[in-house]
Structures are given as C-alpha cells and as structure tokens.
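Just below sit the structures, each encoded as structure tokens.
Look for subunit A in each of the two complexes below; its partner is subunit B in the first and subunit C in the second.
Coming up: the complex of A and B.
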C-alpha cells in the first residue's frame, strides 16, 4: 500500500472540508472569525480526544460503544470522590481518571480473554457503566466546583482554549504512535489479518488491551474537560458520544473492517462535522436539522469510498 | 425395541433442552421472579401491575422479533428506536389530521418497511457494514423527527385509533399482537425457505450462496421484515398513551438489541429463536417492575441489564468453546 493510495481518502476529505468551510463562510460572516473558530475547537475537543483512541480501536477491526458511558461514569465518580468522599479535588480527578481507564481495561480484558466480539462486549459495558453512573448518582448532579477547576474547560493559554492544546498534543502523540512505531504497525496488522498477525509474532492481545485501555483513559480525560466546561456533573453526560466519535472516525477514512485509517483523516473528519454543525446553525438551520446532514454525509462518504474501492479493485 | 425407547426419549429431551436452553432459562427466570417478588410484595401480582408489565412492553418484544432476525442474519440495526419514534409521530399526525384509522395504521408501517428495505439494499449491495449504515440512519431519523415536529407533542387522537388500548376478549390487544406475531414469526423462521435462508446467511454467507440462496436478496428481505415489526411496534407505542411525545424513546434500540441477545440469539449470527427474544423482553419488564416493588432504586436497572448481557454473552462464548 503506497502513501498516495493511503492518502487518497484524506485528500478528498481535505478538499471537501475546504469547500464546506468556504461555502459556510460565504453563508454567514460570523463563521470565519477567530473567536468563532476557537470556540468551535473548544466544543470539538471532547469528541476529538475520544476519537483519537477510537481510530486505533477501529483500525484493529474493533469498536468501542462504551466511551460515552465511561465519560458519564468518570464525571459522576469525580463528583462523588470530591463531594461525598471529601477527597481533595486534584486527587479526585486522578482517582476518577484511573477508574475510567480501568473501565477501558475491563473492555479490553473481556474482548481479548473471552473472545467476545467488541460490538457486543462494549454494548454490554455501555449499559453497565451508564447504569453504574445512574445508580451511584441517583440522578443527582454535583455543582459548586472551585474556580481554578474551570481552567480545564474554559481557560485559555496564549489565547487558545486549554483543551485545544490538550487535543493538539494528544493528536501528535497518537499520530506518531500509529504512523511511526512498531505498536502502530502492529495495530494495522491486527486489523488487516488478526490470525496472520498472531503467527508473525505480534502480541495481539496485549496490543488490543492497551488500545481499549487508552480509549478508557481518553474518555476519562474528556470527562474532566467536559465537567469543567459545563461546571456540573450529571449522570447522562456523554450519552450518544459514541455515535459522534464513530461518525468522525469513519468519515475520516478509517475502514470499519480494520486495517486502514489515519489520525489525520480522523482530525479532518472531526473538523468537517464540527464545521457543518456550526455553519448550518449560523446560517439558520435549526439545531437538529444538522444531525440529518451529518447522517447523510456519513452514508454518502462511506458509499463514495466503497464505490472507489470497487472501481480500483475491479 | 422397548429397551431402546427410553434412551431415545432421553436423547430427544436432551436435544430439546440444548436447542431451547436459553429460552428455558429465561422462562424459568420470569417464573422465579414472579414467585419471589410476589411473596415479598403481593401487589406485584395485582392485575394492574401484570397488565402494565405485559401490555406496556409488548412493543419492545415485537421490535425484538425483527431485531432477532437481523442479528441471526449476521447484521445489526442501531436505528430501530429512532424509527419507532418516527412511525409513532407519522401515525399520530395522520390520525389527528382526520384520515381513516386504517390509513393511520398502515401507511407508517409501509413507510418503515420501505425505509428498512433501503437500508438493507445499501448493506447488501454496497457491502457497507450495517452498523455504519444504521448509525447514519439513526442521525437522519432522529434529526428529521425533531426538526419536523419541533419537539411538540401530539394529542387528541380519535378513540378508534388507539389500538393498543383496545381489549378484545378482556386481554389488551398489545398482548394479542405480541403473542400472535411471536408465534407466526417462530413458525416462519422454522418452516419457510426464507426463514431458513436467514439462518444460513447468518451462519456462513458464502456457504449459503453455494447452496443456492441469494444472500443479497435475503438481507434486503430480512431488513424489510424487521421494518414491518418496527412499524407494528411504532403503532402500539403511538397508541398506548393519550399523547405521543415526538422524541425518540431514549436507549430503546439498546433495550431491543439486549432482548434479542439475552433471548438466545447468538451474537455471532446463525442461531437463535424469536420466542427467546420475546421472553427476554418480558423478563426485562418484570425486572424493571420488580425493582420498584422491592424498593430498589430504579436507577440501578440499567446496570442490572448490562450485567445480564455480559453474563449471557460470556455463557454463550463458553458454550461455543465447549461445542468445538
């Protein structure tokens, strides 16, 4: 597989994104302002962080439907550790992130140890983790976090929102790992042919376990940013997040069958979705009309990709 | 001859038990739940409560029949909750606008069949995985519904439209539908060529093709059938209360998929029965109701569901490993 072939989908996507940005900018003069773009980046960060890990997951041929529930559970645990157990907030943050990471590890353990298909394993934990969040919180929200905590979701460094720095850093790390390291090559190999990967000495289970654990970790990180941005903790946080994340990743050219996909593609997919959401609402399309467009774009992009593949493959 | 017959009897029983093991486990769980919870709190066994358990959740059981067929064919549909919401809204709108009730009942069902046949065609002929197509459909249906209704509720439907509230022979019609459709679907899956083709395609698509089955047409057909069941579920959902909240019932698709999986439909495709999924849907409804009567916070319901799916799936995997 040559680089040009790999980048073909990303090129189409980049062109699409530029066209979308240009059209949206001409529809509304509020769209292409620095303030609006930075604000949109802020809104994109939580989905973005999770999407980075989801790219690895889907490249191995797996899927993780439980990320939204892990986010919700982490958010609730953060509130409970701090308010009900009286831990200092920094410690509560670390403990909650550790729990979210553990939730991701449990996914990986079920998938690798018991050979449960990822779709079903994470469907079960989607219900389980959300159920734990609901049971623990009994639908009570936690408020009254100290002022310094809001930095993670509302603060700025050098004029750029904090979480955009975080997302940028995580993106670079993810892109390097997936593109340039043996771990990344193992990830592709597992997705292309798991049995072959196993026979060529790749530690398939360990690699997958790491990836699902990372998905838990990044979901937990996103939870802290989310709570800090909206200043309260609720058990329904992150409901449906998995759909946004998977849409972004698949739109970014990662094959749902595994073996193919890049971090650049995922980032482009995320930008396109966020631009569509924002641009359409600025030009007067009501909030939920944009969901329809995103659904159409998802199916259209995959359809185009499938047709391309067929033409090339003969 | 006479000495051999008990052995045959035992092996038949054994075959019956291993063929319907999951269904029997679910059925026994329901019975046990009724006995235990009824002993702790007799009001659990009141007509009112039993009625609300069965009639109030029949639409989930009916949707789970279609979902079971989809999963048996090796696919999945995460948009079914949104589709049921859309169906209910279309039906309610037609009824309020004064169309005859039979139109308000059948047009939405036809719509559901057509939408899902389209989804099935995309899945079958473009080879895009069903999870991706139905994920996109979920966005389209959900967004379209909220945009079209602006979140307003529908009320003032004529009495003759409220089919779920009718009680032929003293039993809610929703229960008649649930039982009737389950039996018809079970016979259909077992005794028709198409039903067996669904199992075959889910078991091994290429082997099915070699056996003369057209897998693409089967997938389109099974999605259309699933649309029919979702359509009926949507009509029952629309008519069981005096208002239709024009939103997508939250997590409905998850409940429906869970019912299919716990009812014994193997997640790997190829096996399972629709009787099991109906029983599992009833079991959930019982658990949800039991939690209330046992004074356990209903907030734990979803965690219980999650644990149940996990346990069922792990048992399924263990059974398969032993079989190998």
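Coming up: the complex of A and C.
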C-alpha cells in the first residue's frame, strides 16, 4: 500500500521518461545508440552525484545552493595542492575532497548552530566558496594532469564509463539509507515536522549536519570526476550546477516543503532531463528551445503530482 | 441529491409548524468512500435557542455541522430553511441563508485589522466604489459594542490578539452577515477560564437577540449552563434530542458512549514504590525556579497551575528539550545530565506533549511511521529498519489502545483527536519508559476516549509506572492525582495529598499573586 502510494509520482515520471525516450529516438537515429546513451550517462554523473545528497537536503525541508561553488572550490584546490604545493596527485585528490566535505560541514554548522535558514546560509556560502575559488586560482587554469588521472572522468570498466559505476554505487547506497535505515526515517521526520521529530528523540541537528556534510562530500567527488573529464581546472567550474541539481530532484517528486521524496524519483528526474537535453539537440533544436522544454516538463510534472496529491484527499 | 423526500417538495412550504424554523434537517445521511458517517439524522433549530450537539469524536458531529454550513452535501434527506427545501452547493449558499460558522481553527487574517476582518468580503463601499472606511469602522464599533466587547480596538491587527479576542471577532463577523443560525464548533477548547465566562455571556446575549446557536462542546458544565436542548449522536445515529432540564451528566455520558460509565475517575491500584525521579533545586533560566520534587513508582503526581506558571517548562526541562541551567535531576538516586530528548528517552523518560499536532505527531505520516519514530533503534535488523516489526508494533498499539483506524498505514491526520492521542501514547509506551510525563493528556478529547485514557493511566501506574501529569482541568488533576503540586510563577507553591486536595485549596493558591521570594 505505502509503496504504491509513494511510487505514484515515480510511475508518472517513468512513463514520461519512456515516452520521451521513444519520441527522441524517432526524431534522431543517433539518439538510441549504446555509445550515445553511455556518453549521456557520463555527462549526467556529476549532477547525479550531487542530486543524491540534495534529495536528502530537500527532504529535510532545506536547500543547498552552494554545491556548485563547492565543486568549483574543490576543483581549484585539487589543482593548487598538486601543482603549486607539489603534493602527489592522489594525496592532492584526498585533500581537496576533504576540503569540499568540510565546506559542506560548515554549511550544516551554520544552519544547525545559529539557526540560519538554509536558503540564506547557503546563498552566503555560494558567494563565499566561489569567491575563494576565484581568489585562490587568480584566474589561472591548471592543466597537464598525468594520463592515469583521466580514468575517473574518461575511463571505462567493462565498457561502461567509470563515473557511471560510481554514480550507480552511490545511488544504491543513498537509496538504502533514505528508504530503509533509521537515518532515512529521521530525515523524513525532520522534513515533515521538525518539532515533533525533536520531541520524539530524533537527533535533528546531528542528522542535518551529516546531510549537509554529505552534500559537500559528493560535490567534491563530482569535482574530481569533472576535472578528470575536462582535463583542466578552472575557477568557474560548476557555476549554476545547483539549479540543474534542484531541477532534477524536484522533477523527481521531492517536495520542496520537505517530508517527501525518493532516490528513485531523483534518478528518473535526472534521466529525463539529460535525455531531453541530448535528444533535442540531436534533433536540431537550439539550446534555448531545450531549456523551454525542460521548464515545461518540470511544470507539467509538478502539476501532475499536485493533482494526484489532491485526489489522495484527506 | 438522491432524495427520499416526496417528489415536488421543492419550494413548497411544508407545514405551518415548521415554517419559522431557521434551519431544519430531515433524515439526512452522508457517506464518505462508501462508509456511512451520518445515518438518517434529523435536527432542528428554534430561533433564540442554544442547541448543544454532542457525541464522541467520530460520532458525526463535524459532518452534520459541515452539511449545515454547506461544506458537504447530504446524500439523502433534505434541509429546510424557513420551511422551504434548500440545497447548499457551497458555504456561500449557507451564508446567504443566514447560517454562519465559528470554526475551531479561527479563519482570520492576522495582518488585517479587526474592522477589516469583520467586513472581509462584504466591505461597505462608497458611491465611487472605494471602501467606505468610516462606515466600516462605525459598524464594527457597533457590532463589538453589542457583543459587550467595546474593549477591543478596531484598528488593531488581529495578529496581536489573544485566541479569546479573535473568537469574538469571528462572532462579530458572523453577525455582520446577519446570521440567524450560528454554528460554534468547540468554541472553548482553546480558551482560558476567564475567556470562557466571557464567551458564555456573549452566547446568552446572542440567544436573547433571537439567534439560534448550534453549540458543539465536550465540556459538560458549559452545556448545562448554556443549552436549552441537547442532541446526542453516536456512530452517526441520532440517539436522542432532549430538553436540558430532562437530563443529567451521567445520562448524557451514557447516551454518548452507549454504556454507563460508573465512575468518572478510576481508583488507585497497588501501592507506591521507591522514588524514581527526584529534582533538587532545578532551574531553567527564569521560567523554572528552584523546583524540588520526588516522584515514586506507581504514583500519579499532578502538577496544577495556570498556563505560564512553569508546569510545561518544568516538564520540558526534565525531558531535555530545555536542559536545566542549575540544580540536579536524579534518576534512581543517581544524578543525570539530561541534555537532549534522546538522553531522556534512553533514561526511560517519556513525554506526551501538550500540543499533539505540532509536537506529538507527524500528521502527514502513517500510524506505523509515527509509532516507530521514538523507538527506531530497537526496531532494527542489522543497519536497517525492520519493516515487519514496525508494522507489528503499530498493530499491537492499535489493538492495545483501541485506536479506531483502518490499519497501520492510515495517515495520522485522518484520525480523531482521541485516536491521535492514543497514537502518541503508543509511540512512547513502545519505548518501555519508567517515567511518563503527560502534558494535558486529554485536551480536546471526547468523554469516552478520555475515560479510556484515565483508565490506562491508572493501569500503568498500577504496573509500577511513575506518572507526572500536567492538566489545566482542575477536576482531572484532583480526580486522577495521588498527590498534587501547585505551580505559580515558575515555583512550586503548594503540595496536597489526595485527601486535602480540594478545588478551593488548589484553585486559590494557583491564582494567588506571590510577591518575590515569598513563594520560595
């Protein structure tokens, strides 16, 4: 019963996605090829990794606008640690990821300790982290990474891009945590009624702190994949990423008011957006047209969800 | 309408006797999703009477009210206004027929002034079509004066007013619509005692002006003080309509619950054990001041006092929501720092909060999700929540506490107040607490569910549970407690054992104004 209720929005999305895939396949014969689909998966991975964490954030009723800036900052730090400080690259990767994770923790700390609304707190760190990235990089890009490093962004395992494996693994872990563990239950409870969650002995602040830290970690992970894929580090990397991520999560049926949402929904939302972007450009639709279509699909999905919600009654 | 009424009855005055009734319902039935919640109920109102509508939660009162207010449409039966058959397709139709409702949740606009709220939707206009402010303010003034509420400032924003004052504005708004029938749904549920008296005076005033008042309340004293007639519903059926002079309280209660309730408060079972909880000079900022108390196993300790006297604040300090700023809390004789609700829970303390909707429950989640919430650590298999045990736990709570629900997967917000409270109880008793703090355990709950909760409290105490009960209802405090502590201004100002706890003694000390230091 519960499962079918919860999956209702996801079912609509799945149907929508299948229809979109079918239409796009009929528009261009290049779309439905293994090569193209795998390549699209590659392009989707960075947004996807961040969206997994963002699903948790939005389910608690929060938002994290700083994920794109954390990605940019991590990318810059990776270059600086390796090139300027002369750290071995593996160490530089770990250090940069640790910094990105810490940036997420700072978000959570500001939000839980000082009770700053997440929108305001992460709007501030959006500017702060981007500013730091630009200041540290001094507008210089870092190039010349060794060949083995490109494996994370361009390599394949069993014919499938490395980052798709990474995304797949992260998705399974996120889905299990959100759907099946006490931590997931706490996440939903906080989003649905924070006071009642606290009065039930849920560790509200600790839970939120973990979630914002995880958002930092996954953004940092995405940064490494991103740098590896494009072979260069630049300070404007990840600009606007937060909007793509939030679009995917909301399209996936997560309520912006908190308390509702699933990882499966988010994944479907991401696939639908990526398919539309790619399929429409293959069919010769200009970039602006693609954005319009994505906007329309988002509105349609939200309306359909609201309609079902109303029919559910109560 | 699939009416049973005689064909062609529309717009035909039906009988002289009925023609002046401001509203009459004949054999009205209503189903939701195939479940009949009102079975062929008839109900009528005379001008200038207070007609109490009583019944347990789920008896069909709300549905009846909503049918009269035009929010629901009856499946069968007919509604007559002044002897004419009418159909209310929307609340607007009901308004036009002179029927107004004062809702349980007051539907005012907090950012608008008193006058604007009273005339919202029917603002007086000047000839140019702009708002006639002068006329609006004058008429607001008149309306409030006629309700003996000349003390309200018509230019004040509603947001700044107390619940009692807001309610008077809602009543004024109904009068501004020339209401001939006023439906009041539990008007005193959220009011302090002084406001209750005031409201009752207003109701009498309206009655004397010929307004017919449908009065829904669980509070017996009000019913006997105000009502002329009383109609009792049970499980959607009409049980009886009587003149109030022909019934007494036990008779009403047994009509409502369908069985005789022999005594109002259950007797003590067993004897007290050791002291399990002790507070030594516990303070929290300036709201909890130097509280010392001892709570024994098997004891129900009542905490009396006015709202704001520090009762709830003391409970919140024990439960770790607002950890003590000084003093000691001892559990089983050992000093414990209770810094959070989870720490309190792990020490075996459970707190049933006063505000079910915002503190006790997650209304958009299911019964099983709510029941498991405080107990997730124990309902695990490996790293995961054991869904089967969560469901079993919820089913167990449903049978054990007699929660009326379709099943563990029903959303909590769809349950009645009493059943919601039982879900909160189920959630906390699942944690196997040894100390149970109950803050207003029966607020807004009907008689039957109230008696069940009282019985359960006694049973738990009999099994060795230590219960600290906070209640604003003096009869409940006096009836349930083995010992009563009275709070005033953040301090404990009196202690009474069962024999000496009388309404006068406790009430006096509750309301006395203490000068600084005297109470310590």
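Basically, the second predicted complex is superposed on the first by the 311 of 314 C-alpha atoms of A that agree within 3 Å, B and C clash if a C-alpha of one lies under 4 Å from a C-alpha of the other, contacts with A are read in each partner's own complex, and residues count from 1 in each chain.
Going forward, a residue touches a chain if its C-beta (ideal position, glycine included) is under 8 Å from a C-beta of that chain, and two chains touch if they have at least 3 such contacts.
Note that this is a predicted model, so its numbers are computed, not measured.
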First, second, both or neither for A:196, with subunit B first and subunit C second = second
Request  = Scan A:182 for contacts with subunit B and subunit C and give back first, second, both or neither.
outcome  = second
Request  = Have a look and say if subunit B or subunit C is in touch with more residues of subunit A.
outcome  = B
Which of subunit B and subunit C A:130 touches, first, second, both or neither = first
Key: Touching partner for A:259 - first (subunit B), second (subunit C), both, neither   = second
Ask   = In the superposed arrangement, does A:231 touch subunit B (first), subunit C (second), both or neither?
value = neither
Request  = Kindly classify A:294 by the partners it touches after superposition: subunit B alone (first), subunit C alone (second), both, or neither?
outcome  = first
Message = Please report the subunit A residues shared by its interface with subunit B and its interface with subunit C.
response = none
Note = Listed in rising order, the residues of subunit C that touch subunit A in the complex are 321, 340-342, 344-345, 351, 353, 358-366, 369, 372-374, 376-377, 380, 383-385, 387, 409, 411, 413-414, 427
Task = Write out the stretch or stretches of subunit A touching subunit B in their complex.
result = 63, 110, 114-117, 119-121, 123-132, 134-135, 137-139, 239, 243, 246-247, 250, 256-257, 286-296, 298-299, 302-303, 306-307
Complex contact set, residues of subunit A against subunit C = 1-2, 176, 180-182, 184-186, 188-189, 192-193, 195-203, 259-260, 314
Key: Complex contact set, residues of subunit B against subunit A   = 76, 122, 126-129, 131-133, 135-140, 142-144, 146-147, 150, 250, 254, 257-258, 261, 267-268, 297, 299-307, 309-310, 313-314, 317-318
